[in-house]
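One chain, chain A, appears in both complexes that follow, with chain B as partner in the first and chain C in the second.
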Partner chain A sequence: MNRAHIWLVAFLLAAWGFAASAAPAAGARISGGQFDPVLPPAPNVKTTVVAPYRLDVALVSNADFAVFVRKHPEWRRDRVAGLFADEGYLRHWASDAGPGPAIARQPVTQVSWFAASAYCEARGARLPRWYEWEFAAAASATQPDARDDPVWRQDILDWYSKSARGGLPAVGASPANYFGIRDLHGVVWEWVEDAGAMLVSDDSREQGDPNRNRFCGSGALSLEQKENYAMMMRIAMLSSMKASYSSNSMGFRCASDAGTGP
Partner chain B sequence: MTLRAPLLALFAAFASLALPAHAADRSASLYQMHEKLLNQDGKAIDIDVYRGKPVLVTMFYGSCPATCPLIIDTLRAVERKLDEPQRQELRVLLVSLDAERDTPEALRQVADSRRVDTTRWTLAHADAAAVRRIAAALNIQYRQLPDGQFSHSTIISALDGEGKILTQSAELGHADPELLRVVNAR
Partner chain C sequence: MTKNTIAMLMAAALLLTACGKSEQAAPVTTVAGTGGSRQGDFGPPQGEPVNAILTSPPNVPPATNRKAPAKVIVELEVVEVEKPISEGVTYTFWTFGGTVPGSFIRVRQGDTVEFHLKNHPNSKMPHNIDLHGVTGPGGGAASSFTAPGHASQFTFKALNQGLYVYHCATAPVGMHVANGMYGLILVEPPEGLPPVDQEFYVMQGDFYTVGKYREKGHQAFDMQKAIDENPTYVLFNGAESALTGPQALKTKTNQHVRMFVGNGGPNLVSSFHLIGEIFDKVQYEGGTHFQENVQTTLIPAGGAVTVEFHTEVPGNYVLVDHSIFRAFNKGALAILEVSGDARAEIYSGKQGDEVYYSDKLSDAAPVTTAAQSSASGTLTKEQQIKAGEILFKGTCSACHQETGAGIPNVFPPLAKSDFLLADRKRAIGIALNGLTGPVNVNGVHYNSVMPPMSQLNDDEIANILTFALNSWGNDGGVVSAKEVTQVRATTKRTEGAAH
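On to the complex of A and B.
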């Protein structure tokens, strides 16, 4: 191997390293299938079919989001349109251009649904749909659907009962589940593409209320599997957020149809 | 023990948690989005097609059996209660939730069968991604059901000439006095 070769190899390695650190982790392929979600497809329908999809292994980090914002400055916090983001948008970043080194590897939070959608779209991807998220999140380390496992369920609930206001862990730091996906539980809430499709009532308004027309069509959905508190809390959180809202506990990851995108 | 009480508390807790973060007023106009639509005649239009005029904007779908006809009736009820000059000024934009079936041809049929005056009203088609964004901007929740119908909230937004959302009404079947107030205030 002569000197030129060594330089070439060094260059390629550096380029690869750069690409690997700049590009978000590629998604894992999940075959999907029949699924009984907590949020039923319709009032009298319990089962849905999840088509094959790809889901990011880890959450999007502040560093990832900063790369996007540099390329698409209309999403900087000092330039973003008020329609798309509230006052809290990226408020925790060190500057308008970036997060600063301390939180670079942490999951990005304080992003609106509009911003999260635009990020995924710029990658040729999209936000995961709720059923895709719930399908992936039903897995433990060893089973694709661990929702009937009381130990696993308790582990998840323990996170929700902790008031962890400390710093967030780095993205991808939690153990991979059956599908190879990390960070689904115990880190942050996550935006989904159909966050505006939850149509969950707070129960009181639908029962004998003359103003039932709040939802045209079949009315509000009532949740199944009421013992699955963790999922219900996710759904409650999502249905309480408008698309321009941001929260210090709401992040996201991207997904795509299997066979395309990242 | 019923689960309803803890669930209610849960929803209430999240609702109150989500609110304070956005308390500061930030100028937001629907026209900050640049969504492309097709009207009932197949003509490409922008979402700010009625810029400069007061506009009522909402979403519906053409094959809706019950509530969507009621949306059109409600918009008409508002128009009827306006003074003549305001009525002449007002524009109505109805964006379909059904990107698949509500083609311009289907929307033209709805316009004709409901005798919609398309010189002042527009029935618009948007692609699925645009539908999601527009619904999000208007705070309209919707969901396609397994039978192809849509379940959706019915929110009519009143915009000023620059697209600022002045008020939003979820009332159906009659003219919401608050909508009348902001449209007549011009």
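On to the complex of A and C.
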């Protein structure tokens, strides 16, 4: 590699801005494919096709998010517009500017959907779509789709049997799954790009309600795979959250279209 | 004349008429009742809004004592807590108000209830509430769906009186209920409930853990067991110790007791029974009409019952699910302690116990012979040993073994026992009163429990001890009934002890 090349790389890194320094590598490429999600895409349709995408290997940490907030002070907790974040927004941080060292490596929580989206956008990325998230999260360490493995399912459910009061682990601390992605289970809930479109009824028992087509037929559908309780809880959690809400167990990671990349 | 009586007379008149003119279509009649929701709206709330008093189980809020419909504000907090489910076993419960079952809510029919559901910021889950006492879709579930760190509000008018279950209805509903998210709301009739001396709040639930019953440590929820309806625990008020030992329900004799008993499920139907009492009144499903003199009453999952009884005899009474393996193998036990003076004319306590032989009548001959000889003053040592051998086999050998060798480290030996042979009077005392705690026998440490054998008479104890003193290489000696009588007179025994 000659000197000119090195300079070019340095220049590109600088142009990339904070993202190169704050965010982990562009994420793992997942080729997608046919997939039967918990929430069916349309009445009487069970299968969807997930296009190739990239997904962050780890969750966004408090330190990552602090870098973003420095560049975009309109997302500081003392300056954020009330429309975009509720009172809990970054409330656990040591100061308006940053989280403090104790929780720097922990996944950022207490962020609204708006803030999470802005973060990913600033990185030239976006939040993963629900089907992308579910596709990646269906994998165990050895299988791309482990959803029928009762042992794996129970491992996931065990997280719900622990209270949310303990501290969070550092981002990326859990083992990588089949796709090389970490932290999908057992750490926090995660925002998805289409969280607001998950129009499951607020009363989950209305499955098969004659009014189910009231949301243009695309939402309010019966949940498939009723034994996949871990996913149902994700959906319940996401559907309880408005885009301005924050929670101390809701974090996020970013994704992007894989397009023509390797 | 009451409305009900008039309605009954009218119905009777119509029946008589119908007999005569059977070809005519019978007119539509209404069964006398409280009128249900159509008679439950007493108009807009009056006076200042009232803050509902919520109580943790087993306590029940005081009667509302209101004569007019009020606006009642209920503030209920959902909190996920780690608590013991059994000794040395913890579980993460999801609760309404920090307890299982959740806080008891008491309102009056016709009240307008402004309900605030708060979900603690440390909750992992969104939650909601479906109150069976609500008239409206979902029982409030959709209107109360609440993310962690948020609070929801909805308002309903309590149109139907009765005792109702409330529970969380967030997906997965079964899991939220299995984790303890249920409680009771009482909608009093407009005139209130008849006063009683004491009210209790008890609720049954079934729990599903990955580990076995009483397996130590923190236990996670087991989805497969829940789907299979195979609970690890069946409990009253959410823990094995919730209503036992120091936490037992306490009352006195001569009390009129009312229990509001619910069943949260999620799966099992309860065969609710109170050992040693008969329910004078049972209002199935917390409904308006009652049945009398009920032994065991069914409480469906998601249902409730009001039982009333009167305490006469002191002692411990045991609440069980009479689907009885649940009581003794899964924890469905609670204790009601009744204190007061004994009422021997109602219940005597144990009045006697004698050895009973059925098909082995001939074997019992030496016992009879010894008893006769003792009465006539001609009892010999040999007669005592023969009788004692039979009695020993029936009473003592299960632990001390027919060889007198005991069981190593568990039950001490009697054969060549330094402890037995050292003090005859002590041996008599132990046979009569039992022995609990550490002893040293032939240099080995034992710490077990021997129950009192006070059901045996003085002759029998004397014979058993004489047999023991002259068997398995022991060096002889005789214990007389007179000695036993003396010891019995000078030591205190547990009443009715048996084993």
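Heads up, the rule we're going with is that the second predicted complex is superposed on the first by the 216 of 262 C-alpha atoms of A that agree within 3 Å, B and C clash if a C-alpha of one lies under 4 Å from a C-alpha of the other, contacts with A are read in each partner's own complex, and residues count from 1 in each chain.
Following the convention adopted for this analysis, contacts are C-beta pairs under 8 Å (C-beta built on N, C-alpha and C of every residue); 3 or more make two chains touch, one makes a residue touch a chain.
Nothing here was measured: the structure is a model prediction, and the numbers come from that model.
Of the two partner chains, neither chain B nor chain C is touched by A:P144. In the superposition on chain A, A:S240 makes contact with both chain B and chain C.
Applying the stated contact rule after C-alpha superposition, one finds that A:G88 touches each of chain B and chain C. By the document's definition of touching, neither partner reaches A:P169: not chain B, not chain C. When the shared chain is aligned, chain C comes close enough to touch A:Q154, but chain B does not. After superposition on the shared chain, chain A has more residues touched by B, the comparison being chain B against chain C.
Using the contact criterion defined above for the overlaid structures, shared-chain residue A:W113 touches chain B, although it does not reach chain C. Legend: residue contacts after superposition of the two complexes on their common chain; A:D194 is shown touching chain B, with no touch to chain C.
Residues 88, 200, 202-204, 223, 232-233, 236-237, 239-242, 245-247 of chain A are contacted both by chain B in one complex and by chain C in the other. Within the complex, the chain A residues that touch chain B are 41-42, 45, 48, 81-84, 86-88, 113-114, 117, 121, 193-200, 202-204, 213-219, 223, 226, 232-233, 236-237, 239-247.
Residues 80-82, 91-92, 121-126, 128, 130, 137-138, 141-143, 145-150, 169-173, 175, 210, 218-224, 227 of chain C are the ones touching chain A in the complex.
Contact residues of chain A toward chain C in the complex are 88, 150, 153-154, 157-158, 160-165, 189, 200-206, 223, 227, 229, 232-233, 235-237, 239-242, 245-249. Chain B makes touch with chain A in their complex at residues 3-4, 7-8, 10-12, 14-15, 17-18, 21-24, 26-30, 32-33, 64, 66-68, 70-71, 129, 132-133, 135-137, 139-143, 145-147, 149-154, 170, 172-173.
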